[in-house]
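Notes follow once the structure below has been shown.
Order as written gives the chain letters A, B, C and D; numbering starts at 1 within each chain.
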Amino acid sequence: MKTVDTKIRIGTATLKNPVIAASGCYNRGSEFGRVTDIQAYGAITIKSVTSQPRLGNAMPRVMPVPGGLLNAIGLQGPGIDYFLTNEAPNLASTPTAIIASVAGFSVREFADVAARMNGLANVVAIELDVSCPNVDREGECFAENAASIGAVVRAVKAVVTLPVIAKLTPNVTDLKPIACAAEEAGADALSLINAVRGMVIDTARTRPWLANGTGGLTGPAIRPIAVLAVWEVARAVRIPIIGMGGIETGRDALEFMFAGATAVSIGTANFRDPDVAAKINSALVDEASRRGFTSVSALTGLANPEFAGARVSA
Amino acid sequence: MLMARTSRWARNGTRNPSSEMSAVQLALETAVVTSRESVAPGFWRVALRSPRIARAAGPAQYVATDFPGPFAVRLPLGIWTVTDDEFSLLFREWGERTAQLSRVMPGMEISVIGPLGNRFDIPEAGTRATIVAGGIGIVPFWLLGKTLIEAGVKTRAIIGARTKSMLAGVDELRELGLAMEICTDDGSAGEKGSVIDILRAHGATDMLYGCGPPAMLRALCEHANAAGTMCQISMEETFGCSMGTCWGCVVPLRRGSAQATGYPKAKEEQRAHDFSRVCTDGTVYSAADVVW
Amino acid sequence: MKTVDTKIRIGTATLKNPVIAASGCYNRGSEFGRVTDIQAYGAITIKSVTSQPRLGNAMPRVMPVPGGLLNAIGLQGPGIDYFLTNEAPNLASTPTAIIASVAGFSVREFADVAARMNGLANVVAIELDVSCPNVDREGECFAENAASIGAVVRAVKAVVTLPVIAKLTPNVTDLKPIACAAEEAGADALSLINAVRGMVIDTARTRPWLANGTGGLTGPAIRPIAVLAVWEVARAVRIPIIGMGGIETGRDALEFMFAGATAVSIGTANFRDPDVAAKINSALVDEASRRGFTSVSALTGLANPEFAGARVSA
Amino acid sequence: MLMARTSRWARNGTRNPSSEMSAVQLALETAVVTSRESVAPGFWRVALRSPRIARAAGPAQYVATDFPGPFAVRLPLGIWTVTDDEFSLLFREWGERTAQLSRVMPGMEISVIGPLGNRFDIPEAGTRATIVAGGIGIVPFWLLGKTLIEAGVKTRAIIGARTKSMLAGVDELRELGLAMEICTDDGSAGEKGSVIDILRAHGATDMLYGCGPPAMLRALCEHANAAGTMCQISMEETFGCSMGTCWGCVVPLRRGSAQATGYPKAKEEQRAHDFSRVCTDGTVYSAADVVW
């Protein structure tokens, strides 16, 4: 049996394998180390960091729903200053690569925070959370509009050397023009999808369950929505796609790879099965070797005849 | 004697779980159901074989359970009783997950992570301790009661429920040899009234332990703080990850509380309080720290 | 205990209760009568009828997914001519009211088919399926665009006397302007939501599972998406909303009523529990009487402080 | 004798299920699991108490099952054996729902609707019938075998599987007293080869019954049609509603087939075939009607 190369490339960054921990579900990377080997991840995306400290939303912030979780954390976090002083140093010793997620409320904030992330030890790429459905912004969020996403990506690309990943929301009529705008603005990769907007009503208290009102739906419930997003966008852009949304098993991950993803991210599934990354990695290697491939990246786009991208192994 | 204990707390706050817990065994394993019974209408007791968790468990610790069903996250449940190689759960049929768990049969397997969370502190022998439990808030008190008795702490328990049929777990608690007073809102068992009524009526104690619905816990903390009595409560929130990563389960603590060492380090002027993750920094908090 | 009035109004039509069978899940109404009393439904919406006969999509057409069902039936049906001759006569003896669903590919087709539905025995309203995500249309579907939905509703209103219900799709960036366009064009009610677009990849055959490629996701998985759609639209329009998407229990139905729905539709849940309508009706009555209300319609919008509509009991 | 039967079919086609079924008892009920065992690696046999379904069931009929899990639609499973008050299921662990069902324990309850679908026709005594089953396609043949034997039909069965360990149900079928030939693709049990190979090698029969994977059914139908032998097959599709409402389960039949009386009555020029709902108009079809 040939050995299978698991490495993949996101812009100029090389990950040892295509399985990534999703932002907001792995904090700064250490907690799950208490029960599993976090080295199984090719990279860990940290919880999005904002310019200013944020207390986040009031409680309740989460509610289990059928096949998923509804959350409205509200980007609780210490802000970039505290992050750089107190938390970034620990990232250097995380036993796998780090993707720094940045969230913001203006083009300039994105650029400022991203620039300060650039060059941190162990940080191999910057992901732009332009799609968080939880934060109450005036007007539409960046990711709903091709022009604003273009502006954010361009501003960040101008100030960083690391690869830039634009993370898009599925809450739009058509993802393709938005994805194309990010690509044209210079994004090195796309992450799809962020949480789907939703709500649970508390029928006992006759009000929305989450203090924030609306929340983001994640987990297996959204998997078909996410697979379709990857499949459609993979026909429209040439840059690599990091697919996510409800991946729990190796077969789920294969759906995304076959649809056109170069890598996959795992969020909510960690909350159920902390060993999920190792299982997915071995399923991907098994599938590649069963097909006689020498790299997992050869799996990308196999179910998508109009797949437009390249199969980017390292 | 009491002073010594008090000063230890003053120094450490409630023990910091992050450092302590990583030293303790934390198991992620598949456990076999050894028994399952209904202890009251809608209340279930399920025992699981897991020597690692049974031996490591301390009072107020919980397990994050996973079993087949339309669920994306684990269900947190307190550890009720322990033997050398088994522990049990005592739970109410709340919603989908607890309903599903109530249908397990001996021989089935479920996945558990635990023991999670910090523990109640145990004072020195001779101290007078009072346990105050409301409803299913009785769960942490089998293991606490046992530990206190073994430590020579003079312990009594006030156990309340809405009505007689909701007094689940009382018999098993009584078998520990704990001095117990029972009350129900409707007087259908024990005294009529709330656990706080009984607590107020009875005399002084050195240490209070509480678990139950938020309104009860709040009243307990206010009573304890007013009386200057040491008090620890085990809190509950809806959990996402149960592992400290998602920030879904936070409670506000007064600024600077030792258990709110994590996020956010918001700018001073922004924070009226700090948030603490119940799943990892708790579930046990000092009455003095909690912001209601 | 006061008796609770279960009747509700949709335009000029009165339904005996607010629980409706959703289009495409109850065929022409008779099948479920083999195992349950279909009179429990306040109305049954028939599978959408098109102008021409349609063979529908190739197989497979359905695939169970976590908490839901993905389907791409492709509007299989006999066309309006055959329907009027062979099927409509049976509707007269259906032991509850019928809502006639009409689907089409041009404004004119909608108007033609709707006009021929108008006046059929037992048909109390016409629902416009302008949102079916399964049928391969050139360009966007009607329900993605405020102007086209306005045109369809106006054309139909001009030729029918029955109340007209516009059924909207959640697959848009913002439902509110679309809902408002339907209202302005004269729609008497809105149905929300139709299926959410999704895809499953068959990892064994390395191609989309459904022959049609994409499909529509229904069932509990989409419930939070649907509740939010109702909640948001109920703040924007004054006409009644028929809420649907993943309703399985009385509590689920209450979520929609509290969010602002005047009635609820049940689709996929029939496939699991044929007795679902009776259970939901009694839960609604229980809740109303627990609150001392004399009608179930008083439950509408209770969790939505900015609810814009009227509580339309009969 | 054979002619009489043939002409009855020529007149009625395969019996119209809609009219027939509505006369028959169709139960929607909660059934208690009375036993559950693994009959081969990944193959399970689960018995359920339901006198109504057990007594009403005919060969090739199925039940639509529902049990807790992340499922929005019922799982259709063929009826394997029946007694006076119980029926059993024999199934492979395919995906989520069958995996979940394999974990039931005696005493648990599941919801069932049945018996659903039409039945194999039973010829007159003395006729020679051959059953052809591939893999889990064995399921309809316990009840058919029993019915044929009781009807005095000279019945033999050809049972194939990929490999020995996948020959589930053979022992129970043998207990009926059915003449059986076994084959496996790899020769690990019985003859090496396919059921169609064996069928071809053996002599004439009056009536063929088939159930199994599509490729096998297609070969069987082609063989039967070429030989002019009567042949009925039980087909499978992914179901949505199991009740005939969703049009998710259709198979193409030649134009004008009696079992495609439902939709679509497409314009003549539009239809190369008619669609039939496997869940309600089937699952049993005449080899002559199926379009491959």
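The definition used in the following text is that a residue touches a chain if its C-beta (ideal position, glycine included) is under 8 Å from a C-beta of that chain, and two chains touch if they have at least 3 such contacts.
As the structure is a prediction and not an experimental result, all values here were calculated from the model.
Under the contact definition stated at the top, the chains bordering both chain C and chain D are A, B.
Centre-to-centre separation between chain B and chain D, using Cα means, comes to 54 Å.
Chain D has its Cα centroid 46 Å from the Cα centroid of chain A.
Between the CA-based centres of chain A and chain B the separation comes to 35 Å, rounded to the whole angstrom. Each of the following residues of chain C touches two or more other chains: 65-68, 220-221.
The set of chain D residues touching two or more other chains comprises 70-71. Taken as a graph of touching chains, this assembly is fully connected, with contact between every pair of chains. Taken together, the chain C residues at the contact with chain D in this complex read 24-27, 31-32, 34-36, 47, 52-56, 59-69, 71, 73, 76-79, 82, 86, 218-221, 268-275.
Within the complex formed with chain A, the residues of chain B that make contact are 21-22, 26-28, 66, 70-74, 96-97, 111, 113, 237-251, 263-267, 270-271, 275, 280. Residues 70 of chain B are the ones that touch chain C when the two sit in their complex.
Taken in their complex, chain C has these residues touching chain B: 66-67, 220. Remark: chain C residues 65-68, 70, 140, 144, 171-174, 196-203, 206-208, 214-215, 217, 220-225, 227-228, 231, 246, 251, 254-255, 258-259, 287, 302-303 touch chain A in the complex.
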